[in-house]
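When the chains are written out, they are named A, B, C, D and E in that same order, and each has its own residue count from 1.
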Amino acid sequence: MSEIPLVSELRAKFGEGIIDVNLEAIDEWVEVTPGVLVEVCQYLKEAEGFRFDMCNSITVVDYLHTDPKKAAKVDWDPHLELVYHLSSIATKLTLVLKVKIPRWKNGVEGDLPGVPSVAGVWSTADWHEREAYDLSGVNFLGHPHLKRILCPDDWEGHPLRKDYEMPLEYHGIRGR
Amino acid sequence: MLLIGTVSVSWYLAVGAVLFVLGAVCMATKRNLLGVLMGVELVLNGANMNFIAFGSKVLRPEGSLGLDGQLIALFVIVLAAAEAAVALAIALNFYNNHNTVDVDRANELNG
Amino acid sequence: MADFVNYILNIEGSWFGYVVAALVAAVLILHVVAVGALLFIWMERKISGRIQDRLGPTRVGGKFGWLQTLADGIKLIAKEDVTPDLADKFLFKIAPYVGLAASYAAFIALPFADGVVGLHINTAVFFVLAVLGLEVFSVILAGYASGSKWSLFGAMREAAQVVSYEVPLGMCVVVPVMICGTMNLTTIANMQAGFLTNWLVFNDPFTFLTAIVYFTCATAGVNRAPFDLAEAESELVAGFHTEYSGLRWSLFFMAEYSSMFIVSALASILFFGGPHGPIPVTEILGFAGDSLGNPGMEAFSEETAKNDGFFAATQFGLILSRIIGVVNLLIKGCIGVTVMMWVRWSFPRLRIDQVMTMCLKYCVPLAAIGFLGATTWQALDLPTGTTLTGSHRYEYHELWTAGLKDKVLLDQDETADSSEAPIPHENDTQTEVNKVPLKTVPVSVLKGGER
Amino acid sequence: MDLIAVAWPYWHQFFFIIFAATAVGFGFGVLLSKNVVRMAFYLVLSLGSTAGLFFLAGAEFVGAMQLMIYVGGTLVLLIFGVMLTAQKDFINMDTHTQDWILATIVGGSLLMVLLFAAFGADDWSTPQDINDAQVEATKEATPLGLALTGIRVDKLGDSGDAVDDGKSGYLMPFIIVSIHLLVVLIGAAYMARTKKLSHATDDKSSRAKLMLFKMEHESEQLEEETYVVTHRGKSALNPLDPQNEN
Amino acid sequence: MATSKIDDPRVIEFDVRTDEMLINMGPQHPSTHGVLRLVLRTDGEVVSDVEPHLGYLHRCAEKIGENLTARQWIPYTDRMDYLAAMNMNLGWSLVIEKMLEYDLPERGRHLRVIISEMGRIASHLVAMGTYGLDLGSFTPFLYGFREREKILNLFEEACGARLTYSYLTPGGATADLPAGWTDKCRQFLAEFKEVVPELHTLLTTNSIFVSRTAGIGVMSAKMAIDYGCTGPVLRGSGVYHDLRFHGEERYTEMYEGYVFDVICADPETGKYPESNYEFHGDSLDYPEIPRQAILGDCWHRFYVRMLEVVQSVRLIEQAIEKYEATSGDWGKPIKLVQKLPAKEAYMETEAPRGQMGFYVVGNGDSIPWRVRARSSSFCNLSVTAPLCQGILLADIPAIVGSLDVVMGEIDR
């Protein structure tokens, strides 16, 4: 695995921060811990020969089966997976970063889990993170103004969570 | 009755006098700087009316001021425009510095 | 007109004739405003349609959608007249009328042909411009009273723009006034009678420049694209009339279209010969009889009617030539309006700072150059367009003054030879003025025209 | 028919009353209105009617100038000023009651004096016959223009008049006024300029400057960075990438 | 800090102290392209701050995607960028094909090139027309729409719909092009070539247009990349990046064997590379860059679109040749309930408004576990706030219009 320069450099630099590297996937990905996320991103943006200067998208995938029967079959615990799709205009390379976080902070339902914000690394991450916060309920720590972007400010819940239920009513408008 | 008597210079002078007094009272009572400015305009118009009336050959073929009346009225109009520009500049400057257009509060020399 | 009515009713010098004449004139002008607006809106839709490769209205009222604007007008009248809560109700309601009144009043002094004019005012040029300038109040009041920020933006833009553009506009207007030596529009128009080359626009290169600058500034003055910042729909929603609906809204448009016509008609009078066509057809065919010598004469003369009967008093040739004159002016005005429409549908809109830059950096200096150049041209007595065809501009004017010549000569010393009657205005020297003081009074005012 | 057939010599009075009533009425409007924008509107109407009176009195050029300069120029400027300072607190400003009382007393007595003077002189209050030709002559603007250049057409007959020397007329005042206007133009522009940069320039607009500044510098850096790559985009982790093998 | 070095005419110094006010531009406003709402903080005519508010067209397309199969979701992609629905279809189709490792037949490849480039022309025509509208010029809008109508007619013939096509599907397309379609397409291209110079006359080279757009909303290449701008917005800033050249192999092999240019100015010279493609045969192919224009301003963004349209014509001409040379299968759509593997795939395509990315996570079922659309307009719009500071009110439509956003795609 060490023959891939990026991986070896990342491992050398961040050591334990790099949890997993998957080269079997359609789009190969690297998983990092939330703690080193910003440093990794900063490094990737500036690393000579890679220069991931563009953050294409930030996606939150909610791994949760609401149906207990199905939940029993799968081999993962419920969690959120943040997928950062990076690419480079300069070198035309692409990269997928993943961060896994719990669905709720400290397991308390309603407390949004936190991830350090990369809005300081790529300005475009600002809105992507706002969208992720709005729709999937991830608290991006250090984001300049984390607030809802697509849903109204007084909307309740985060629609792209698997356990989200549409409110019965919103300002007198029937929801379901 | 008015319709039967022919209009003389006096009628114009009366209108001018009323406008003049209205303008003067306006200047005295308005607290808004721009209101005062409007009063000045009225006063000038009242005075202008006199010049026009005295200079009018329609009203007084004999012994009228002739062209002089009209010319002075013209000068008044032009100078009123200049006066308005300066007064407005003062008003805006006042507003910039004091954040109000209330003339009662214009009691400092330091602009 | 008043004499005519009084003669028919057999009441001499009655007030009735004057009132009827005034009403007829008012209604006629109202038709120019209202029907003109209808026509121009229809024209605008048709022209913009053609420019944009489509048909425009086709259904209402037959083949060309003639009655489309009328149908829209009826719709607008039927619409609810909404007044916003935050509006200053009184000013909001009165604002459209101010604009319409201003552009309507400007028609008072606009001569449609020699003698076909609401009121002869010796300072007609400035009267028209001044009254037209009052239209800005309607926009400012509407913008302020609407209680909407977009409207306020429109009003502020309009105020800044119109005040600035009046400067070059006035400077341009002074050029024909200077060349003709009068501010009477009828006289200015009559001085351009004859062939195309007599038009002031072809007088010298500087008048040509001035005409172009005038038209540009007039377009800006009446708020037409590319200077229509007060109602820039992509920026200010609809600018000053954002909050208006129904009839009040349509009044703004009537005012806009009629002032478009006024500035175009004024351009045609000042620079493009006014009621006189490119070729003096009526003069050549002799419709006007000797009216070329005395076109200012009343088409109906009470005196003649008394002596020689009704039909002798009615000079049909003169009436016909006046009608042709009116048609000429209307066509020229419509051409001006069409050019404005053409420009509107071809160009993007300028930005407010660019509009002001255009005025202060280009229009004012160009107008100044035009004014100084035209003055110099006159002062040096350089060849003008009139000399090209050999038809001298003042020739006609001289003939018109012929009626007054006797009177003038009475006042003057007997040495004044009738064969070389002094040409007024051409040499405005002190001595000339001393000789012929009354010459400065335009004859058409004294002799002709509706009083 | 009798009523109709009457020749009516009262046109002048008729229009005089209309114009005078509107001028005075809206003058009162200016005085009594509290709203400064409405005051400006009433002032427009009042001055417009005054222009009408000028027309009636035969001063057509002055009337047109009144409309053009005063109503069209000065008042637009005034309304501009009103709008620039139009904050909620200043649009409606009450006058103190004692001011009202005092002003009414003084103004009333002044009006009495003026009216007394206006109607007092017989020479002014007796109407005179009108000479048509002379009236028309006064309506012409050329003598006015000539007078401004120093030539008095109307005083030609006066013997011993300074006209003969070319000294009379209003040439000197005309020049003084033009220089005065120039001074005013410069002075007004200078006065309305704030000495210090306004807060708008201080923060927000300078931010725009800053941005442009940044951009200029960024683009300098960019030149090193941008280079054209003809190969296709690939995953950085692709083991088959020849770039990664070496 | 050498701010004095910059002598920018747009920065206005105030003579009169004024107060700032907040203004709502939108969601009902003529120049906000649908339902964008901009809250402006203005000082007179000068805008000091802009805050975009989105979401008026939010339809939870991603949530719906978690309840539908891959083919069922295609109509929802139509409604994202509804002005370039074909390109949206293409993006989704490619990502599903990538997941299924499906290889498209040759004929289908050329068909897709024709259709997606036609979609690009249609979309850019609307972009150019509405940009003229934003600047107060109505006529180019109708010129653009007239040509777009012809494209819609062709699309209607191919798939039966005029706006939301659902034509390109994972696996290929719902049907082959009808007989005689290519001839009509050729005829359209011939007609369209006449129109481009007209648009150049009406807008690109019009001096008022130039003065309204040149030097306005200047975005450096670094800023464009930082804010994730893509497509013509990025290339207008002088960044040589076009996914049709530089994208993933699965996408670029679609354009294998095609000759076309990436429209992008050289940041050093500021000149656009001379094309060897004779489009109209005269100087109107590449109108001159005005003196005032700075690389990365509104004018350049507009200009890139204008020139891209020409390259699309060039591509379609080649594609029609290649398409007619092939025969047989054009690529049948996948099954409606095609099972997706328990993998995840991300794919970006060069849509007219930028890089449109789709991300799909499968779990072995036919219904994807998670669907995500990376919207190009979303990222392009995010640059509005920093770009619209210290400008005049009238520049707001100019800048937002030059970014060419479609709210359907932003709000999803």
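The working rule: contacts are C-beta pairs under 8 Å (C-beta built on N, C-alpha and C of every residue); 3 or more make two chains touch, one makes a residue touch a chain.
What you are looking at is a predicted structure, and each value in this text was computed from that prediction instead of being measured.
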| item | value |
| --- | --- |
| Graph separation of chain A and chain E (steps between touching chains) | 1 |
| Furthest chain, CA centroid comparison against chain C | A |
| Far-end chain from chain B, centres as C-alpha averages | A |
| Interface ranked first by C-beta contact pairs | B-D |
| Whole-Å gap between the CA centroids of chain D and chain E | 50 |
| Chain B and chain C: spacing of chain centres that average the CA atoms, whole Å | 32 |
| Separation of mean Cα positions, chain D and chain A [Å, integer] | 63 |
| Two or more partner chains touched - positions in chain C | 156 |
| Residues of chain B touching at least two other chains | 92, 95-96 |
| Overlap residues in chain A, where contacts from two or more other chains coincide | 27, 87, 92, 94, 96 |
| Chain C partner contacts - residues on chain D that touch it in the complex | 1, 4-8, 11, 35, 37-38, 41, 44, 48, 55, 60-61, 63-65, 67-68, 71-73, 75-77, 79-80, 83, 86, 133, 136-137, 139-143, 146, 151, 153, 156, 166 |
| Contact set on chain B toward chain D in their complex | 2-26, 28-35, 37-39, 41-42, 45, 48-49, 52-53, 55-63, 66-67, 69-71, 73-75, 77-82, 84-86, 88-93, 95-96, 100-102 |
| Residues of chain E defined as touching chain A within the complex | 54-55, 58, 60, 62-63, 98-99, 223, 225-228, 234, 239, 241, 246, 248, 343-346, 348, 355, 357, 359, 361, 369-370, 372, 374, 378-379, 382, 386, 411-412 |
| Residue numbers on chain A that touch chain E, as the complex places them | 25-27, 53-57, 59, 61-62, 83, 85, 87, 89, 92, 94, 96, 122-124, 126-128, 131, 135, 148-152, 159-160 |
| Residues of chain D that touch chain B when the two form their complex | 10, 12-14, 16-17, 20, 23-24, 27-28, 30-31, 36, 39-40, 43, 46-47, 50, 53-54, 56-59, 61-62, 65-66, 69-70, 73-75, 77-78, 80-82, 84-85, 89-90, 93-96, 99-100, 102-104, 106-108, 110-111, 114-115, 117-119, 121, 123-131, 134-135, 137-138, 143-144, 147-148, 152-155, 170, 173, 177, 180-181, 184-185, 187-189, 191-192, 194, 198 |
